[in-house]
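Chains: A, B, C and D, in written order; residue numbering restarts at 1 for each.
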Amino acid sequence: MLKIGVIGYGYWGPNIVRNLADIKEAKVQAICDLNPEIVKRLKEKYPYLKITSDYKDIIQSKDIDAVAIITPVSTHFELAKAALEHGKHIFVEKPFTANVKQAQTLINLARKKKLTIMVDHTFIFTGAVRKVKELIDNGTLGDLNYYDSTRVSLGLFQHDVNVIWDLAPHDFSIIDYVIKNKPVALTAQGVDHIGRGKENIAYITMYYDNNLIVHINVNWLSPVKVRTTLIGGQKKMLVWDDLETDEKIKLYDRGVDVKNKEGIYRLMVDYRSGDMWSPRVDHTEALKKELIYFAHCIEKNETPINDGEAGLRVVKMLELADKSLRAGGKLIKL
Amino acid sequence: MLKIGVIGYGYWGPNIVRNLADIKEAKVQAICDLNPEIVKRLKEKYPYLKITSDYKDIIQSKDIDAVAIITPVSTHFELAKAALEHGKHIFVEKPFTANVKQAQTLINLARKKKLTIMVDHTFIFTGAVRKVKELIDNGTLGDLNYYDSTRVSLGLFQHDVNVIWDLAPHDFSIIDYVIKNKPVALTAQGVDHIGRGKENIAYITMYYDNNLIVHINVNWLSPVKVRTTLIGGQKKMLVWDDLETDEKIKLYDRGVDVKNKEGIYRLMVDYRSGDMWSPRVDHTEALKKELIYFAHCIEKNETPINDGEAGLRVVKMLELADKSLRAGGKLIKL
Amino acid sequence: MLKIGVIGYGYWGPNIVRNLADIKEAKVQAICDLNPEIVKRLKEKYPYLKITSDYKDIIQSKDIDAVAIITPVSTHFELAKAALEHGKHIFVEKPFTANVKQAQTLINLARKKKLTIMVDHTFIFTGAVRKVKELIDNGTLGDLNYYDSTRVSLGLFQHDVNVIWDLAPHDFSIIDYVIKNKPVALTAQGVDHIGRGKENIAYITMYYDNNLIVHINVNWLSPVKVRTTLIGGQKKMLVWDDLETDEKIKLYDRGVDVKNKEGIYRLMVDYRSGDMWSPRVDHTEALKKELIYFAHCIEKNETPINDGEAGLRVVKMLELADKSLRAGGKLIKL
Amino acid sequence: MLKIGVIGYGYWGPNIVRNLADIKEAKVQAICDLNPEIVKRLKEKYPYLKITSDYKDIIQSKDIDAVAIITPVSTHFELAKAALEHGKHIFVEKPFTANVKQAQTLINLARKKKLTIMVDHTFIFTGAVRKVKELIDNGTLGDLNYYDSTRVSLGLFQHDVNVIWDLAPHDFSIIDYVIKNKPVALTAQGVDHIGRGKENIAYITMYYDNNLIVHINVNWLSPVKVRTTLIGGQKKMLVWDDLETDEKIKLYDRGVDVKNKEGIYRLMVDYRSGDMWSPRVDHTEALKKELIYFAHCIEKNETPINDGEAGLRVVKMLELADKSLRAGGKLIKL
């Protein structure tokens, strides 16, 4: 059983701990948080665990096989590096690091030490994303025309990152997982309403070969929560509404068939408007599946799909989006 | 009673004719369409009207006060110019013209001839848009932070224009009506999946002074119809879902109050999450109100809010969006 | 082409006239209404039609083949009887008559005169009801367990009938059409909040052989409009939401399989929870299809599915529901 | 701090334990379950708690102040009686007992022993039900015309009770809480599709003085989950959709004003169709509030609103509903 030390018990850390309590492949051995209030409460709640405010107690412990780093992104690199140097596998909250260089350093270090890096791209373990990937991979959707994600809500303003670094890692990691091709160009628009130099609304557009276009709308200032992705394929189209309880994925037999590109006036496209089908998706909590998979990859010495390289690819997109934003929405070729 | 000749009986023309039949301020005198099938059917259905396939029968008729031009945009200029030259007031389907220059020529001609131009910006006559304007004008929303419109569906591919020219005139005309300030910069992204050089998906971003950002998502290839606009103000936020029957406008007492820009770590913003309120909006058909207003403006010699200048402002934004698209999403300063 | 005289131009009559204008199998020849305002307006709008306030002008006209009776139910019998006696086919708004005896008299008269009676059970011509019938008839749903309809809104209080006679004819006619078996018992509950002796809220329960139960909830005092029917079959279940634009019918692969009736404690039923499927349904306006069918039945001398007998079966259920209500919800065996 | 022993760790027990772990007014001292698997798992998960399969270990423990009885209803009486006899306060899952007589016996025993009974009518501690009560109590809705609840889903078939005893306690306890008057008559319809003599679909109608009608639709065989209650008052109407995340309560300024009961033909009622308003409701988990309140009532020696008498009133309605069902839906006067 994999023994895990958890660093960071803020918003997401408790979910890691709760899920580890439910699985038999791994368990929590220790928890670290800087907040004395949290340390006190954890000691009461988990009298049989090591609770500490010093991350070194976790990283240097011989009782611990792997470290879960669930802290603000600005601290990921130092903590991850120290953990790897002490021979610990690492499970790192998204985004992996604050920049590409850090990610590359950690990947190299882990490779040298033969340690596993998993980046917590939770969404790719959901039943919904698995179903989307399946429907793309098995050709149901046909070649993709577009992928359009809206991820808005009244969100917590993060002090160290903008809305892109907070919300878009979800989209970038999902897109990296379900779309085989990689983007060839990217542009980003956005604005900061608070005046701290961190955008709270942003729009990212990515271009791919074969006319695929990807658009991501992230916003911390929406009065309502929206988590909707439209995916248009040449054969079928799909709507993924992650806020739906039972029918997250709807597949539409709708589209246009281009019959004759030489044709004229509205005759060039035939419309299909057929049935809708909502496949059942697995409801198992994604984080639970991901943590079991983390233990499995370490035990079997397998490379996770969400390894350091996947983390790096996401960080690279975040960097480029920032770069385009700073340059007034300049189109950046990859 | 204003006597109107209608040119064009395709998709929108029948709605003009139906609404004119219901009001006492104006009436249809003649209808023109190029399609012999339509001419035949109209003669059967309206044996007491003049039905013709020659627009000159309309434009030169002494029995006609005003001409409704409900034809493809590429024909607007010639028809409108001829109508004005024959002393007819004109009611022109959106977008007003195919370019800014044409719009300017028509405005000048109408001014010289003392004739009225009304551009069919139907949406600004809906109860929903009127309510949005009211809530902005009376300060309920506070200064605007953003305006984000999604207008997608499985749409008819137009042969002569791209999706921006087809769908975005709605957004541009609404925004021109409800937001007093004018944009200072614009960028557009998009793609053409059919290969005719006409984009079928596009994203437009407009920047304003005071950090207001406007985003428009238009798409002819969506499996589902979405007509949702989020408007974020410093005091309140609003969702306008035009597909809702009864509750098109929802006003949220939600937002963030920035208390102290020097503050740190998540303390800088206070969240409000209060009631939601859905004001009743007028359900009268917008086109009916607009046509009554057309007759009224001519009778009283008033300048319509949706006059040629309003039409020109919309055409200008369409031109600039196209220009940005052609330049790879270049940010265009206004 | 069938020449039709329409009696009654209140709420529903204009729809009859509008649809007749669109089809080539029949046409409006004359319209009668008692309201002088309506007569005046009709004369202006349809200068080429006979407009009258005396129904005898319709019924006795030699130019008319069939009469559409679109008046309050209390007048149906007299008008229908007179029309049949003058050799006219009749199309009668639902419910057919105010009681079973009247219905029987009209059926006998039509049979003697070899004339066609069609009762306007519009819903059975909708794509949605056709699809429901298809899914029941072809065994997709399996044997039915229940049929549960909610039909509520802020409705117009009718002066001459209660909410059952106003709204439940829809349900009774649909059920009569899609369910082969006939009910064996019925009970109704309800209340009158206005004090005129006409219930404005009512609940009807019908029992069938094989444990099928039908429930109908009708209410004129609901703040929101609901038009939802749940249908549970032993193989699959169905939700028909008539307010949905595109996905009116949803078919669920959900249910319980009873494996062993001797079994105990929650082991007796297996749960299925599979995909959902929303078949495309025909969107043609039902009334148009029905009026074409009316002309067809007369021309081909065919008996309509919604003939006088169907109308009578609905009226019988309405009478029984009233009878149960008057007897404090007594269960009435059929 | 109130020390609680929990008997029963099936579906609902874990929620009791989880919420007790989060509050400071009470804590779990011991857990009992008959299932050896569960006992084993609990011992691992809570090594510092007393875990037992013998309820007497709980009831006789001197370390325990109160017992939470979270077992099938058929066992409530024996367990509750034993607990009271050993001087323990009791918190009993709904429905309180299997019949009125048992409830009365427990109430008498608790009174004699000066112990507190709380019946777990969780819903009356939700923000939504509190808001409904507030809007009724402060006169916002006006006198009630109707209360119509639909509570259906694909539910677990209970082995010892029918759907009324499983789901309707929610409705009966809410109605008992929000409506001051008590019903004067009740009727129930239903059917058993599995053949065990336990109905899985039922409809309950209750009549009150002043023309208030209550209707409850409970169904274990629905493909979709519905938790919607319509409440019609003479001033305003309300929709409570418990599946909504943010807007559970919607208040409509809609209704009819009866101006003149002598009036005729549709003139007797005026329609109001105004704004909708969705007040924010408290999102605190109801069970947590209820358990804090349990500890509070014991400490302060206050009688809970959901005491044994409230439990008895609900059980009485369940008994009467069963009695009406057995008698073919007979109307039972209270």
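Points to keep in mind about this one:
Simple rule for what comes next: a contact is a pair of C-beta atoms (placed from the backbone, for glycine too) under 8 Å apart; a residue touches a chain by one contact, two chains touch by 3 or more.
Keep in mind that this is a model prediction, so the values were computed, not measured.
By count of C-beta pairs in contact, A-B exceeds the other of the chain pairs B-D and A-B.
Most remote chain with respect to chain C, judged by CA-atom centres, is A. Separating the CA-averaged centres of chain A and chain B is a span of 39 Å. Distance from the chain B centre to the chain D centre is 52 Å, each centre being the mean of its Cα atoms. Multi-chain contact residues, meaning those touching two or more other chains, occur in chain D at positions 224, 246, 273.
Across the interface of their complex, chain A is touched by residues 21, 45, 47-48, 224-225, 243, 245-246 of chain D.
Residue ranges on chain C touching chain A, taken from their complex, read 246-247, 253, 273-280.
On chain D, the positions that touch chain C within their shared complex are 145-146, 148, 150, 152, 154, 156-159, 187, 189-196, 201, 203, 205, 207, 211, 213, 215, 217, 219, 221-224, 230, 232, 237-239, 250, 252, 254-256, 258, 261, 264-266, 268-269, 271, 273, 328-329, 331.
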